[in-house]
Amino acid sequence: MKEKEIQLGLYRKVYLTRRAEDLIRAHYLEDGMKTPMHMSTGGEAISSGICEALQAEDQVLGTYRSHALYLSRTGESDLFFAEMYGKATGMAKGKGGSMHLTAADEGLICTSAIVASNIPVALGAAFANKMAGKESVVAVFFGDGAIDEGVFWESLNAACLMGLRVLFVCEDNGYAVHIPAHKRHGYQSITTIVSGFECDVWQSDSTDAWQIYLLAQQARAAAIQNNRPGFLHLKYYRYLEHVGVFEDFKAGYRSRTEFEPWLERDPVKIQRENLLRWLTEEAVLLLEKQIDQQIETSLQRAMEAPFADHSELLMDLYA
Amino acid sequence: MKEKEIQLGLYRKVYLTRRAEDLIRAHYLEDGMKTPMHMSTGGEAISSGICEALQAEDQVLGTYRSHALYLSRTGESDLFFAEMYGKATGMAKGKGGSMHLTAADEGLICTSAIVASNIPVALGAAFANKMAGKESVVAVFFGDGAIDEGVFWESLNAACLMGLRVLFVCEDNGYAVHIPAHKRHGYQSITTIVSGFECDVWQSDSTDAWQIYLLAQQARAAAIQNNRPGFLHLKYYRYLEHVGVFEDFKAGYRSRTEFEPWLERDPVKIQRENLLRWLTEEAVLLLEKQIDQQIETSLQRAMEAPFADHSELLMDLYA
Amino acid sequence: MSRMITYRDALVEAVTHEMRRDSSVFVYGIDVADHKRIFDSNKGLLEEFGPNRCFNTPLSEDAMTGFGLGAALNGLRPIHIHMRVDFMILAMNQLVNMISSFRYGSGGRFKVPFVVRAIIGRGWGQSFQHNKSLHSWVAHIPGLKVIMPTSPKDALGMTMAAIRDDNPVISIEHRWLYDALGAVSHTAETQPLTGAEVIHPGNDITILATSWMNIEAKQAAEVLGRRGVTVEVVDARSISPFDETVLVESVNKTGYCIVADNDWVHCGFGAEVAARISHTCFGRLKAPVERLGFAPTPCPCTRPLENAFYTGATEIIRTIESMLKLSPTDLSGEHFFSYEKKFKGPF
Amino acid sequence: MSRMITYRDALVEAVTHEMRRDSSVFVYGIDVADHKRIFDSNKGLLEEFGPNRCFNTPLSEDAMTGFGLGAALNGLRPIHIHMRVDFMILAMNQLVNMISSFRYGSGGRFKVPFVVRAIIGRGWGQSFQHNKSLHSWVAHIPGLKVIMPTSPKDALGMTMAAIRDDNPVISIEHRWLYDALGAVSHTAETQPLTGAEVIHPGNDITILATSWMNIEAKQAAEVLGRRGVTVEVVDARSISPFDETVLVESVNKTGYCIVADNDWVHCGFGAEVAARISHTCFGRLKAPVERLGFAPTPCPCTRPLENAFYTGATEIIRTIESMLKLSPTDLSGEHFFSYEKKFKGPF
């Protein structure tokens, strides 16, 4: 693919994510979206960069904080907003809500609200793909809190042992809820430790989606070529509170000063600049307008859509 | 303590363990000991070396394979054999059996038959000791299978984070039941990985109890001085089947050839030689005879002891 | 002399009181010591007792439960908190394979004073990974005590008693109860860890309720009371050991029994209660014991289905009507509790 | 046409049969492919299907359960084996927080064909960490199916059906049943995953039993049959969903019901059965439903206490006698089953 298209693809993703979340923020207090919101704002470079590098046959899994992953992977927002509003037109008919997004056809297997619980699922998915002879990877996204959980270590070990093409994507924002990493980790560097396992290790603290894309492309190629997992340690800053749509610097566990250098290199801003090397300001504005319209329409549709019938309560339990 | 006494202490432990297990092997088929037997034979250097280095205020925890640990730590065999025979005179009145040994007064907290489940318990014990201002360590013994379990990693992380004086003693016999380590581990070296954590790492494949003692002494001192855990990776060979009292080379998952070099450097033989540098052959023979008598007496007492009354079934549930 | 406090403040008072009188008590868990303090139920602890006695942990539920066991065995009295009971599932190995049998398996040589506080949630689209209750799971395992304090009095007194108890006690608290106001005695007093309690007297039918379901049952009782049907509401209080004496007395009087459990029905605590009452009150029951609980599905996110998933005052009222063969009450004017309209009044 | 095979061979045949007809089926777990093959219940699989379809795993129950989920979502049909159900506790997070709700939570877009085989043990001082049963735990969670095959016919047919089912099915197998001989049809036939079955006809009293307790109940029936008391033994077969139709019919006929569960009593499956029967057969029961199960303690190691911990034919006989007001049967000549004298005869 030509770089221009990739830069465009990346900007579509970061812009769509940021704007969709802006829209959530604008409407959340109306109480139409009765589901807890864990915002991706600030982390767009990671999901967009990785999803841009992934291929159609690849699959992804995320956490409760997966708006960016969903939007980057699918590009669609109708099912998304409908699910936020709990409507029958949502991808899970409203049964999942913001923490449980799926897109079976686009290879988004699930997002989960139990920390680290999605990680081992990626292994089985990759195993099935391996048995089917597919040349694909499964990328599982999780936070720096998830690496505290035993199942992360079990999964890392098993994936390395079995030579599975899993990309372990650690989205490290330095906090699990309000607890900083150094108060949870008995080590200095997770990448040093993971390097002792039979996998490839990659790291970055870039907020430049293009850089993440390049890294992810390498990581994907390595996983396929080496028949083993890759571990990507990627830093970013969570702009908003752990759950909810507001800033939370007044809470005291972190300071705005910590935030500022990150805001300087805001992923949407950077990717816009990247794109301006390939498109005119007018073309970018047009693109932005299209995306704005897309999500406004989705929001409108979601608001107007019906709730599932009560009989839905008892459906979907068994196949 | 003078080296002679230590060498003597070490030999007491290895000899007591080996002979007690020989006695179990001699009598197991009589079906008086209705409890599954996971034999320590071959691993005596580790438990004796470490227990010799530990102090009275230290504590230990083990697995279902803890005959050696119990006997090395307590030196007693009356309660031990009584528990094997399920008698009221056992340390748990027969309720525990061979997999659940305790010696509250000697600091043996527990042995557990769920792989790795004893590991986090050591952390809390060490935390309590730290709060009490004690200068002691807690040594938790586990196999190379236990490091597959997530809770091992959670515990290692937390102990390092909290600066707890825990000695993680990995008794690596290369197998979990019948599965060799390389079929379970997605890495080459556990010590390399653990070195990435904030703890001290020690390793040995010695079957010389004196060498293990020296190492354990260093490890204990380091834990106390550095206020952090130590990880001891110690290799040995399990002479007998996973559970049961026989050899199992005919099963095919491992060969006698693999065993032979280990048998060459049998821990009991080596420690006997060590001791002969300090004691005469006659003195050693006398010591051996005393120990033989001790365990014969214990066995006899255990056989003759009564079972707990049926009313015991409902006792000890709540304090 | 009594005073009115919220359930939340009762929890704070219980723990503060016990931490003052016994320096071996400490509180720990994920996010326990952050500025939110587990819905403020740990207010002031860090400030008064310092970071050795109130601290956050890594996200390692399994290991940190084993940690608590070790601390308890060495003489401390840990209180481990899970913000949602669903996270306690990660700790089941330690709770069930280690903690429950520890004392028994050592022939009584050790004791395990260990309190686990686990919160159950509801509403606002928490959905299926944040809504379980699981008291029947832990109650099923001998060696664990399980309580579900509903009133501020019990939040205070049972929590204190749990901390003083020399056995593992799992306390399951419903988040919606935190704002409930209730009378407690002037000085902090412990309450027994078992024994059901009549919280609304009546003669026509008995409801045994757990946790939040008591609030729903009381509202049902009030609504029906207005048309002269008197409903006796019995708060189970403890799930294991469960002492049915008070309940049996009530059912022997009314002849009717509904179990309203804050959980799924199949193989739940409601089944235990129904089985016991059917047994003990055999021949005195005028109708079979009815069981109410969650719908037999995971909890859906969207509000209309979420509302249908939970049982509340309406279903209780309808069940009573059908058992007592009453015409349906007009409920159009009633305001039932919801996520937005939680119970805050006096208990 | 029928033939006699053991429960163990029925398991082998079921899995072999399904692996032959469907290449997406695979078997995995700790020690699954070693020379012991989980008490020989996986005999020949490695040889016939190779290491991609029958393999050992690291000792990582939690991750390897999530692994199975991922494989199932991508079109495979995993069979995960736990040598003891106690080890499955380490996998509860995946089973309960992920697998049980996966299909529902995706609005029905995914299916999870996933079989978990977990073995329950007993005897020879296994003690408290190797003796749990836990079927009530998993049955309590909507979205999981739970079966307990007792006969070789069901070991064959229900295991086959479980593998073909598009939902997670947990199959709990009692180790002592492995040598039981029983008739199965000439060609391998699936059996329904739910629906209780009368395995010993009678008119005087009904026993609903789970797993091994069926053997004990049948022996009790035989002993009492000799003095003219006819006992109907109903094998529960499935724990969730549990279909009580056959049981209700039986109790309506006999008027008496005992539930003999291979588990603790408090909040167990026995409570569910007792609650349902008390409800459905209300007014037709001549006595309250009685429940039998483990003693309310962890399982002790030593044989005399271990024997007292478990319920068996003797307790069933005594319970029947007391319900039917019979004089005690002389049991001195009876030989009951024990660790050494397991059931091997025709089922």
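As written, the chains take the letters A, B, C and D, and residue 1 is the first residue of each chain.
By our rule, contacts are C-beta pairs under 8 Å (C-beta built on N, C-alpha and C of every residue); 3 or more make two chains touch, one makes a residue touch a chain.
All values reported here derive from a predicted model rather than from experimental measurement.
S.K.: I need the common contact partners of subunit C and subunit D, sorted by label.
M.R.: For subunit C paired with subunit D, the chains in contact with each are A, B, in label order.
S.K.: Please work out which of B-C and B-D is bridged by more C-beta pairs in contact, and write that pair.
M.R.: B-C
S.K.: By CA centroid distance, what chain is farthest from subunit B?
M.R.: So the chain farthest away from subunit B turns out to be A.
S.K.: Suppose each chain is reduced to the average of its Cα coordinates; what separation in Å results between subunit A and subunit D?
M.R.: Centre separation, subunit A to subunit D: 42 Å.
S.K.: Can you check how far apart subunit A and subunit B are, centre to centre, with Cα atoms defining each centre and the answer in Å?
M.R.: Computed value for the inter-centroid distance: 47 Å.
S.K.: Whole-Å distance, subunit B centre to subunit D centre, using C-alpha means?
M.R.: From the centre of subunit B to the centre of subunit D is 36 Å.
S.K.: Note the residues in subunit A that touch 2 or more other chains, in rising order.
M.R.: Those would be 90, 92-96, 100, 112, 114, 148-151, 154, 157-158, 161, 183-185, 317.
S.K.: Counting only residues that touch at least 2 other chains, which ones in subunit C make the list?
M.R.: Subunit C, residues with two or more chain partners: 57-58, 60, 62-63, 86, 90, 93, 97, 104-105, 127-129, 142-143, 296-298, 300.
S.K.: Can the chain contact pattern be summarised as a line, a ring, a star, a complete graph, or none of these (other)?
M.R.: Contact map by chain: complete.
S.K.: Within their complex, state which residues of subunit C touch subunit D.
M.R.: Residues in contact with subunit D: 86, 89-90, 92-93, 96-97, 100-101, 104-105, 127-129, 132, 136-137, 139-143, 239-240, 242, 264, 266-272, 274-275, 278-280, 282, 285, 287-291, 296-298, 300.
S.K.: Name, in rising order, each residue of subunit B that touches subunit A in their complex.
M.R.: Residues 148-154, 156-162, 183-189, 192-193, 196-199 of subunit B touch subunit A in their complex.
S.K.: Along subunit D, where are the residues that touch subunit B in the complex?
M.R.: 30-31, 34-36, 56-63, 86-87, 90, 124-130, 295-298, 300-305, 308-309, 339
S.K.: Residue numbers of subunit D touching subunit A in their complex, please.
M.R.: 52, 57-58, 60, 62-76, 78, 93-94, 97-98, 102-113, 142-143, 145, 166-167
S.K.: Inside the complex, what are the residues of subunit A that reach subunit C?
M.R.: That would be residues 34-36, 86-87, 90, 92-100, 112-116, 145-146, 148-150, 176-179, 183-185, 251-253, 307-308, 310, 312-314, 317 of subunit A.
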